[in-house]
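Heads up, the thing below is written out as structure tokens.
So that you can tell them apart, the chains are marked A, B, C and D in the order they are listed, and the count of residues begins at 1 in each.
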């Protein structure tokens, strides 16, 4: 296994993408180790008085040339709100790289990436790193409304982008599982990957299981340590209770004991 | 470099900084960050006779300067430990201490007997203070007769240094400490977690699957420090102090209050390097205050 | 506006938010900031039979998300209170509750008798849990026989609502709660402070003149909440909850755990308006979650 | 007694005066009440994770026209260090006005103001507000070395400035009580006021007592609430244990039970 570290980064950019999402780029002095899509950082939000533990965030992008890691932060509570306000030039300590990444697709695979809410980052990172031609990568993002979506037109070079919104204000109306790509073309995909709200992942997993399509999901269980010592983040699996932070966050849906 | 060695009875530590049970896995996870041989000792994750799945998720809730946990001693049982984990970790050049647990006194005895056979386990920490299990656990540690009974029985079979880990959820912790000292404990370690609770006001539900859990972290430090001070005055055996230690100053406070060594728990979740920095910080303090040896700090509080 | 009224037995409160004893003076100090008549009740600073100077300075040490105090019931005695303070404060349109203390049972009895005569004192809080006095105080509150004895004797003479304030420094707080209920307490309030300690590592001295003191503030909230929940299940009389309440969410958590009302203590030091904001915040919560009355929250936790 | 308030201010200036001292100006939207020299604010240092309570700081200057209060912050520990780094535009909550001020001098008084360390602010405020002609106001500031002194040449319009330093790098060498103004001309003063380290105030008080000169000192006892409800800040006096935050911070030395 890779050595893990606690490293201090400097915030080099913090861009508000919409009402609740920010893109934060952090730079390290030293070289970065190889980071896989699905892996995450555990970040010390040091000037939030109300929180005590670190907060986990998926890696969204890695710029190895400049030693920069990007994350997408969705404001959910006290810690994420403070992080979303961090200033350029401020220091940020992260424990990384944590967790195991996604099973990378085979070179002739056609894949569907489904993201929602705070689960968008690992999906886009996987799209970029998949090494597949854009036609074989479909990215389906769900949100409540157009305003909740972030602009990801950059990712057209890595895949075909589909949107769904609860109110129909962008892309197709309804949940991601009601989207035409999902409804009609699911059998075309060799692998499905999903990250987002529990209900979304379960809805995806249910159909993937029925149709017997390979499907991995990335879980966001509450964490204390992030590196396997506290046993707080466990998920019941066919191999017993496993730590999401070390054995995950990515799991094949066939391993999970979800009631779906 | 000041002399950082301390002795906990017959147990020799290169320095007084240990990592606490349940917060440092089986040492391997910390070894992913740094060589654990720099540590005075590593307390291994609590083990039981049989496999335990632990409690359902969610097991954790953050609180002001602390956290609640309700892990419930998830582990694969002592035999799995001996066959699969011990062979991998026995090589670490630090004191590995087994934290043993049971639902019944018999459980404890069998686990202690099995641990006797493991040459590279330096000591046993008898956990009679886990608040997160339905049977046994803390129940043993909050009354003198039961604390005495389990200590006596384990002492009878245990060939290693026997450290008894005390619960803070009692009216008078010195009574329990004296009780286990009377039954042959080589040392006591304190404190385990405080029984606490957290609620999601919007959902009107407890945040932990088990409703209550164990409180740890800086929040409990003042109470833990008071208990270490009281126990140090009440018993003759060495005291190992813990509860909310985040830095060298905290660790030194515990030693001044009477701890011969300290354990670092929840702090590891914030930063796994904290135990290492505490060792360095203690050394700096000794140099700055002209102490030759860390042992000079123990109980060195001017009242 | 939701219905914020609650009854603690025969004591009617316009809302469930009281300020805790020793943290709100004699109401006048808060009245410098706002009209205290908006509060459900004000618990007055602890009074004793005779003048008490309290403990020497320093009496306070800050801790992680909390503080230790060792005030030691400084007050000018009940007669001074009756002659000099009561006449000034009796006009406040809120429930004034006298917090009474003693070194002996006789002390408590005499103070309670004198308070009987004060028409504008709505209730008596019997403090058997002060950790900062050498005699009496917490000693009464950590064993069932002594808690029973003092409650029985005070109940015999006390004509007002009798609220007994419990110490959290016990193995099983429900035993004490049941003991005082059995002797006629009208309600219990909990928790008082936890016995703690703080050390100045550089000076190698305790930070408090008394070495140990009482821990309060958000640090203790998870333990206090657990105790309120346990006591609520164990007794039939109303429970008044406190310990680290900083905002409306905290207060609501205590009510969901079974408190009929709450007391706000240390938070007042951070901001004297916090009790007022808690009242507003509870009202907002009730509206948002479609409750008509705050009383619907009491013990309304889904387990 | 004045009504007290908790008010939110905006930091309009933060100037580092020397290695450990900063001048911070905070502005209120609303009008300021009259504030007396010796009174203080209890400040919430909201982005210092390590501290829980507020921290008391004396009022240094009041600009009633612009609703601005100035304070002098000396870095001592965690809270003061964070406060000294506060940025312009940030919010700052203060409980105020707290405590009782100094007994104001009579119009024909000659006064000596002795300040050291964090006790400088109230002395300079008193010099300014004394209403006396500059010849009748002597300001004596003590510090370890020149670098620890702040530049107060502005205050020449309010009084005669004297310095003492332990190493003689500015003004006279030695403690304030060894300074020539103190040694030779003490009898010329009708009133002495002092604020600073305990040892300094006690040394001043000892001599003032011997010579029977009116002397007030401003104490800096540890505080929890700052407005009289916690009884943590007490000082033993001839009237019993009194709260420094409400009955002080200014006390006449004859009231204090100092062993001097």
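Assume a contact is a pair of C-beta atoms (placed from the backbone, for glycine too) under 8 Å apart; a residue touches a chain by one contact, two chains touch by 3 or more.
The shown structure was predicted, so the numbers you read here are calculated from the model rather than taken from an experiment.
For this pair, chain A with chain B, the centres built from the Cα atoms lie 36 Å apart. Centroid to centroid, with C-alpha atoms defining each point, chain A and chain C lie 47 Å apart. In whole angstrom, the spacing between the mean C-alpha positions of chain A and chain D is 54. Here the CA centre of chain B is 34 Å from the CA centre of chain C. Shared contact sites, meaning residues of chain C that touch two or more other chains, fall at 63-66, 217-218.
The set of chain A residues that touch two or more partner chains is empty. The touch graph of the protein chains shown is a ring with every node of degree two.
Across the assembly, chains come into contact as A-B, A-D, B-C, C-D. Here chain B touches chain C in the complex through residues 61, 63-66, 68, 142-143, 169-171, 194-199, 201-206, 211-212, 215, 217-223, 225-226, 229, 244, 249, 252-253, 256-257, 285, 289, 300-303, going by the rule given at the top.
Across the complex, chain D meets chain A through its residues 46-49. Chain B contributes residues 22-25, 29-30, 32-33, 45, 53-54, 56-60, 62-67, 69, 71, 74, 217-218, 266, 268-273 to its touches with chain A in the complex. Residues of chain D touching chain C in their complex: 1-6, 44, 50-54, 93, 95, 221-236, 240-241, 246.
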